[in-house]
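So, here's a batch of structures to check.
In the two assemblies presented below, chain A is common to both, partnered first by chain B and then by chain C.
Now for the complex of A and B:
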């Protein structure tokens, strides 16, 4: 059966996921999203994979959440608090969520994976490094190229052509 | 190890459904990006949970790749939102009506 740490972590993660979508202010929503990402990192620690947990904290909580916060601050103030949605659509969405939860949960419970237990020791993180450098090295190189391309593409997208950068003269 | 695989999978299902709800209902582009993040994190949790219970390092490796791809996706998504905000002065996806630059 699940231990108290697991229960607390799941309550934190799911509650802050709902808060990230439902809080009125986008800034508080972004901070609640940080709670969800940190809770997922806690789950990774519970699953004996500290390397992935540290990667999650460094990439998600450290950079992505801060990037989202800065983007939210670029948006006009009245848009941050604006909430446009019609009630029928919202209730239909909640119904869809509950139906999907019930059906997927029933599938998971009846699929027999609750019989899977393991007594074997956790995977050593040295194996992950060996995987990266032996089996998956082409994927690793492609990953670096994809990241470089994404960063350059994002910079090209966000560039402004209409203003000249003439800080040298002024 | 007292936690079982089915517990982690159920948490992952709950997060996935919350993300689907956000994608279906919200019209704010930033909130839709939050929902996409929640869905990706549910997938990562599933990957790492199965990697622990079927002892194999491949699941954790795939989760690391997934996190890196998600980082690239967020960078491009935020760039698109900034461009759309500059064009329409709004982040409501229903107001983005033309592809014209």
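Now for the complex of A and C:
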């Protein structure tokens, strides 16, 4: 018997994911995408990891969805999208997706993952932090360096010479 | 005869009244009572004096104070009361309403005006009620080209997000709606919704001033969220927890503002920007873009957005108090009640008085709430103050402050916190 919360979250996540793909209005599509990401945060809450769930909301809903909204609003739609209506491609895509999901699902179910039952308490986020600082410190430093490199690269790409303007003082 | 209702007949009026009463009685008995009966199955009723309180004896409670008071007490500990009334939305809305009035009066005095004056006998004290009635009775106008569902949902979502923020704020030890282990992170997750709601409402109005205001709000909120989060990290490093109640309880000796004044200042400036207060009120700059992203709202929709933003002001001030000013800690106003008094009641000469259920609250609770409210009001005063003295700043200056200065200062604050921990001043084996 499936957990009703889990079923409700799954319906929300999958339905809003489909809506995000299918809706004609880009803004509503972005809102549906937020629903999907929020549903995934709900899954993390069900899995007893509120820390990851809150980061999921703060980063994915709070920042990435905002970024998408921002882009959609500032760019005119006709310039980025060219409508190509092709029912055959659409059905082929759905079929491919179903085949991929069926094969992945078969692999997951046959792996015996549904037979695992565990009564272990949820992992505290403090333990994860301690592990990062002790056992996995090279990985942490690598991540930090990669992120710093990405930020510096983005700043170099976005850099431009300041326009001379007498009215600006600072 | 008035021209508004030329065919008015008193007998018809009485008939319509009686009709209404008839239908109310019919609907209440056929629908209302069964609904109440069904709902009562799911309500946990308290046990008083060894007997379960039944709702079917509701009228007898009124004549029995020894049942009524424990009932009130058990209601006060219920989740519903917490969500709706005390640490939750009702309390925050009351603080918000008080803030609006104090803001108008205080700014007027600062600028040598009188402010609200005529509504109510003393210093226009009923002005808020008048404003509220006006907003409720006003027509809600939705622009013809607006995206209706989003436009209507935006004010409700705004108030909802503000209420979710308030739900995470503890007011006294144990008095919080949602005592989550990752409280501070949850606060940041909730704060992240405000720019989305703002920009969606601005887009849905389909008008140029709201759109400009919404884009400005998005810029401002997203860029000030980063120093906001970074400035809280120092406190998290020192306390080693994300739970807001524990953070507040850790400052019973010295508030963190003593050790981290830089973090407190950064947090305060980011707070002003997140709340769109002057000098950072670019999203609703009334002298350039009418009212910014609020331009197309009218009637109670505008009222809801105002309510939401003042509730948010209360929540941010309370967060500042919790993080830096020690929360509810402070010297107690009254000594705690003696155990004797609690068990046997008060004895005056031959008479001994004892009411079951009294005292409703402990004295510690009272002094905690009073300290918390006093500190929060102090922070709110400093949030309101710049509106009277500062002009609005330009958007490039705003982004410059946010991205260069505040982030740098927030990092300085983090290193101050780390230095305190490594020097052994705070933490295991330290002074506090």
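What we mean here is this: the second predicted complex is superposed on the first by the 146 of 170 C-alpha atoms of A that agree within 3 Å, B and C clash if a C-alpha of one lies under 4 Å from a C-alpha of the other, contacts with A are read in each partner's own complex, and residues count from 1 in each chain.
The rule is simple: contacts are C-beta pairs under 8 Å (C-beta built on N, C-alpha and C of every residue); 3 or more make two chains touch, one makes a residue touch a chain.
Since we're looking at a predicted model, the values are computed, not measured.
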Broader residue contact with chain A after superposition on the shared chain, chain B or chain C: B
First (chain B), second (chain C), both or neither touched by A:141: neither
Touching partner for A:51 - first (chain B), second (chain C), both, neither: both
Which superposed partner A:8 touches (first chain B, second chain C, both, neither): neither
Chain B versus chain C as contact partner of A:31, first or second or both or neither: second
Touching partner for A:133 - first (chain B), second (chain C), both, neither: neither
Partner chain in contact with A:63 - chain B first, chain C second, else both or neither: both
Set of chain A residues, in rising order, touched by both chain B and chain C: 51, 55, 63, 74, 125
Residues on chain C engaged by chain A in the complex (per definition of touch): 147, 150, 180-182, 185-186, 188-189, 191-193, 195-196, 199-200, 203, 211, 215, 218, 222, 225, 240, 396-397, 400
Contact footprint of chain B on chain A as seen in their complex: 1-3, 6, 10, 13-14, 17-18, 20-21, 26, 29-30, 33, 36-37, 40, 43-44, 46-49, 51-52, 55-56, 59-60, 63-64, 67-68, 71-72, 74-76, 79, 82, 84-85, 89-90, 92-94, 96-98, 100-101, 104-105, 108-109, 113-114, 116-118, 120-125, 127-128, 130-132, 136, 139, 143, 146-147, 149-151, 153-155, 157-158, 160
Chain A partner contacts - residues on chain B that touch it in the complex: 1-11, 13-22, 24-28, 30-31, 33-35, 37-38, 41, 44-45, 48-49, 51-58, 60-61, 63-65, 67-76, 78-83, 85-86, 89-92, 94
Footprint of chain C on chain A - complex, ascending: 27, 31, 34, 50-51, 54-55, 57-58, 61-63, 65-66, 69-70, 73-74, 125-126, 168, 170
